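In the two assemblies presented below, chain A is common to both, partnered first by chain B and then by chain C.
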Partner chain A sequence: MRRKTSRLMRGLAVLSVLALGATACGGSDDDSSGQKPVSADDVQAALKKGGSVTVWAWEPTLKTVAADFQKKYPKVKINLVGERSGDKHYTALSNAISAKKGVPDVSQVEYFALGQYSLTKGLTDLASFGADKLKDKYTPGPWNAVSEGDKVYGLPMDSGPMALFYNKKVFDKYKIAVPTTWDEYVDAARKLHKADPKVYIANDAGDAGFTTSMLWQAGSRPYKVDGTKVSVDFSDAGAKKYTDTWQQLIDEKLVSPINGWTDDWYKGLGDGTIATLASGAWMPANFTTGVPNASGDWRAAPMPAWTKGDKASAENGGSSLALPALGKNKELAYAFVEYANSGAGVQSRVKEGAFPATTAELKNDAFLDTEFKYFGGQKANTVFADSAANVADDWSYLPFQQYANSIFNDTVGKAYVGNTKLADGLKSWQDASVKYGKEQGFTVE
Partner chain B sequence: MSDTSSSLPTAARPAPAPDTGGARRAPRLRTRRGRVPGRPRRSVLLTVLTGLVLLYTVVPLLWLVISATKTQEGLADSSGLWFADDFALWDNISETFSYNDGIFVRWLLNTLLYVVVGAGGATLLAILGGYALAKFNFPGKRGVFAVVIGAVAVPGTALAVPTFLMFSKMGLTDTPWAVIIPSLVSPFGLYLMWVFATEAIPNELMEAARIDGAGEIRTFFQVALPLLAPGTVTVLLFTTVATWNNYFLPLIMLKDPDWYPLTLGLDAWNNQAQTIGGDVIFNLVITGSLLTIVPLIAAFLLLQKYWQSGLAAGSVKE
Partner chain C sequence: MTTLQPPVAAKPRKARPPAQGDRRSWTGWGFIGPFVAVFALVFLAPIAYSIYLSLFRDQLIGGTQFVGMDNYTQALKDERFWESLARVSLFLAVQVPIMLGIALLIALALDSGRLFGKDFFRIAIFLPYAVPAVVATLMWGFMYGTKYGLVGDINDAFGVTLPDPLSSDLVLASIGNIVTWEFIGYNMLIFYSALRVIPQSLYEAAEIDGAGQVRIVTAIKLPAIRGALVIATIFSIIGSFQLFNEPSILRPLARNAITTDFTPNFYTYSLSFNGQQHNYSAAVAIIMGLITMVIAYVVQLRGMRKGA
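Coming up: the complex of A and B.
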């Protein structure tokens, strides 16, 4: 729901052009607004003239950014609506777009969901504002997620290179070494659970974002998108590596059957019954407010490797700010997005705990030297930045990933509760995704 | 004296204190415990069952009250049914009201608006309709009866989506009207008022009023309405509770958080815990929930007797 990254599909450009052609015949004037080049002077003039911008985004650090932006441009009013997140946010956004009413000027869109909106021409191409020239400011992963060819559908707000968070207190108590490979991880899971049956190495009750990130790291590339041709295949070697390992944890009941993001989960992270968490680099902020009682217990380590010495990592989560095609005040909206995700806003957001997608911040000494009080003074950003540099490439999500994720629990989820094997669960997820893709008019193999 | 009475340990007997009001006229206190003609004997089984139901209903409430005194830290650290080391109820309450520029107050006022206009209007319409159906004969009355009974059987949730589509065409979604207008209709309230009005207003009284020269409007307001008071309170309570707790209808109707009722607002706060970098405020969600149910509990306690008499309305045919 909130922690996946995606890369835009190659076929997008083709589809967008087709869609553009179709609507252009209808004589709609909506198309032109996003495609006309807008110069920096135009944006400056708009800022001087003033106006209001409605922003739908739940990212908490944007509050400060909006306040700073309004201070800098007193004539601009930022109306930040942040009460909705995840699925509810996308439902509201899709509804507004199809009703052509109440569409926000700026919307937060997670990387995995960008394809869905740009494919249906729901987003403004920011290259017309010169956003394509910002490419070098961002790390390759997030930039690939927001861009397609010379089109740019959003500016990356944050990123989620994965790390293994572990409860040092628990590991020290049972004198278990922090795993550096997934085989060691399974061993550690057995030892921990044997030492104290209440302690689990991790929680996992079936989570599409986590599973796809794990497949990503294991070298599996289940989704291939080429034009309108899409393929889904969970039977490659990487997927097998993942299912073989994870099946052991499920069979031996070594993972706690708690769903992520629930109060049980926060409690488990706090009381030591969930000993590790493989997650994105944005996790420290949630640790600090959600699990304040375990301050000092946790540390961050690199992701365990699939073969010893392999440094490959993956992304988990992260989102961008995009301009819905039907939004108004595009110049002001773009000015805000640029301020928040490329300008002065980045530093204020990093200060409040966001994990940047910009290279300058990731290489900044002050950033790398930041000591996390929550992690007992550890300079955790070095771990995250290292992971960001080692994110395996070529991963893509489906252009209907949001739907696919929504049926994850009906298919793969069965492996967690019944006799279904994880590999069989993935197979039925594959079949269901293929079926849906065909219904949507994709050529699916 | 029965066995039950004599086998009671002395400590369990009521002290012969004057504070037991019912004992004033009873010469012997023991009779209260014994088998009195017309009063059923105490059943151990029933007492235990009632006790269980009491626990079942009170424990969640107790949990809520206790948890509202804890900080986010205390919530994770301590057992659910006892207090944590630090007592943070007052901090939680003031933070609930001030969090995010006091949006909770706005949601509270929204809920009040929906209840006053929606539930108040629903009650008014139910009284008018129920009175008319009970006391006037007109063609198609049986048809109205069938429609009302049918409407009682359809849960409001099932109608929410069609209502949304209709309101969307009328351009009413995302306005307070989208919540208020559907709340104005309460088939169950109408049916209750209908039955109640049939019983509570003697036809002779209406005849008398008419003979004395009162018009229909005056008869309604000065003769019928006072007699309908217990039923009115019952319907008002029903509709108030329904509107106060309404979640699904506002969820699909409202996009703008400025128009959220408390139910949606608390849900939004709860969801903050599920977002990257989100501020986890379970303590405020819990305190907010407690503050949300306090007015309802107060309304129940104050209007309890009407509620009971209204519930029994029409159950016995005299």
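Coming up: the complex of A and C.
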């Protein structure tokens, strides 16, 4: 009874506390989270019988996958809902799970957010469908992100090994070498900005995803998670390397204070005032659609190293498809997820510019030899694949990373407007994360 | 007549109070019933429910438990909450007088009858109120842009460097500017309609007494519209404390300046939607509601007493 009321309560909380709108929230009684093993035959039988699957995902390449899937299994209908992304997506998903109503059968969940949902038993363990046997198909980083012991909470959809995208036209114009270390990067930043005060080496106005990826590459491991025991510590050597370097860029105003994914950002990438972008390998598709006018200007290079010759890389972004525990048609939902992220769907997604998490595609010659028209014919996938092979896989995010990221700008953001130092900002982010963790019942050290 | 009636009326009233009393109350309920039902459903029930919610705590680890007043004691010690309250209080102290002052001046100007194109002027001032707050904020957000917005264009065209309206020092003032722009027309209309009902005879009398326009304003117009002034002030206080739309829409443009606890309402929103802390959020919302009520009530009492 307590559990039932609490669910109802959380569902209603949303509308009554803030009175943002009136949606009916009824607590339904069916409890479909029991997980018996499901055999491949069961899945085949379900596919023959047909039904519908609701998928919440903003990954653009899934449209083709859904169409292909329906062609192959005409009795199955895929309802792809893709208007929401990022924070809005997770808010909607959390609310649906709390209210036990309108939960999708399949949901895109970024790697950093998986912990929160798996911890609260919001996701189906896919090992019951035999997903644990797919381990060797994927690169270690993404697999590490979706699995926990012998449990599997999603199938990796893409991955974001980092690369340094740079505007070759700008670098050529001012005859500046493309940096291979972060020290050279700071140097290049000074030269570029001196040559043209409108040009900045990069934009950065405080982005949690970017900062955590940079820490990852620098060898920092701020988050340690062991079940309900977590620790947060931004004072290790890796974090210091990062803050020392980045603080110079901020102090000398060498990074443009523009937020990613804004109009200003797209314009800056297009007109050469933002000269580089360190981002995940999923970025090319966004360049093509978001900055079409700069086609031919940009190239991809390996991430600058923290010490010369070091090849360590990191992941930035990347997501999985998971089955919310309260979703329906589990067999069909799993069949779709497997088709999209492990089966034939992978090739069609790669063709449309997705960066796969499967080893076979990453080693495929046709994939590596793909010439990117946008990057002036560069075989950019070789850069990305090389990066993927050098990602350290012992990184973990907090089980409440979604909340931690939401307060990043409240704390670390202060360093970007000159009120505090980056290292101090990280310290207050740490304190706020620890406080929240304790409030949520975690054992925080 | 009246002295005779009580003894006569007293007897029958005593004899059949239940019947008459009943019929009377039921008829009354019939009239206010629809209102009470809706009022209870959309106003009382959510408040009661929020209070109920605020007595629990829901954790990622450990689930839901009854915690009594813990959320309230936590909120009262919450620096982030008090900072946000201080921020809107500052906003209130600066923006509301400016907005109401300008609105009053315009209303008096319109009422003076010496304005050419009065109707056009009135509708033009009122028009921003008809623009949805979301659209208005987006529009202003664009103008505030120092890269590609209006501020940026002015900087480029005249070779100057205007301060960034979305920097952490100025963003509150920038939001104040948007709110002022939005609500001057609305307040002006309240004042103007109050001015229109002042009897002409008072002005005539004032003229006969040899009073000038300034004297008429201070001695007749302002005292006469004191009620409207108090009402507008209360609305503005509530509006300031509930500030939410403008910061939440401007936030993507200025994440470091507009924190997730920028205003009390935005803080409860963040607690609830980013942190899934619905229970604590409910406690903060109720405390904020009480504070708003108390301040609005004090203003009303003071305003009315001066009027009397």
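Convention: the second predicted complex is superposed on the first by the 411 of 445 C-alpha atoms of A that agree within 3 Å, B and C clash if a C-alpha of one lies under 4 Å from a C-alpha of the other, contacts with A are read in each partner's own complex, and residues count from 1 in each chain.
The rule is simple: contacts are C-beta pairs under 8 Å (C-beta built on N, C-alpha and C of every residue); 3 or more make two chains touch, one makes a residue touch a chain.
Bear in mind that the values here come from a model prediction, so they are computed numbers and not experimental data.
Undergrad: Does the superposition put A:285 against chain B (first), chain C (second), both, or neither?
TA: first
Undergrad: Where does A:61 make contact in the superposed view: on chain B (first), on chain C (second), on both, or on neither?
TA: After superposing on A, A:61 lies in contact with chain B but is clear of chain C.
Undergrad: Regarding the shared-chain residue A:267, is it in contact with chain B (first), chain C (second), both, or neither?
TA: A:267 contacts both chain B and chain C.
Undergrad: Taking the superposition as given, does A:84 touch the first partner, chain B, the second, chain C, both, or neither?
TA: First partner only.
Undergrad: Give one of first, second, both or neither to describe whether A:174 is in contact with chain B, with chain C, with both, or with none.
TA: Touch status of A:174: no partner.
Undergrad: Using the superposition on chain A described above, determine whether A:419 touches chain B (first), chain C (second), both, or neither.
TA: second
Undergrad: Quick check for you: in the superposed arrangement, does A:407 touch first (chain B), second (chain C), both or neither?
TA: second
Undergrad: For A:206 in the superposed arrangement: first (chain B), second (chain C), both or neither?
TA: In the superposed model, A:206 contacts chain C only, not chain B.
Undergrad: Touching chain B in one complex and chain C in the other: list those residues of chain A.
TA: On chain A, the residues that contact chain B in one structure and chain C in the other are 2-3, 263, 267.
Undergrad: Can you check the complex and tell me which residues of chain B touch chain A?
TA: Chain B residues touching chain A: 72-73, 75-77, 168, 174, 255-257, 260, 265, 268, 271-282.
Undergrad: In the complex of these two chains, what residues of chain C are touching chain A?
TA: Per the touch definition, chain C meets chain A at residues 45-46, 49-50, 52-53, 56, 58-64, 145, 147-148, 167-168, 252-253, 255-257, 259-261, 268-270, 272-282, 285.
Undergrad: Quick one: which bits of chain A touch chain C in the complex? Just the residue numbers, please.
TA: On the chain A side, the touching residues are 2-3, 6, 9-10, 12-19, 87, 91, 94, 98, 116, 119-120, 205-206, 228, 258-259, 262-264, 267-268, 399-400, 402-403, 406-407, 409-410, 413-414, 416-417, 419, 436, 439-442.
Undergrad: If we count contacts the way the header does, which residues on chain A are in touch with chain B in the complex?
TA: It comes out as residues 1-3, 58-61, 81, 83-86, 88, 92, 95-96, 99, 102, 158, 160, 261, 263, 266-267, 270-271, 280, 282, 285-286, 289-293, 317-319, 353-354.
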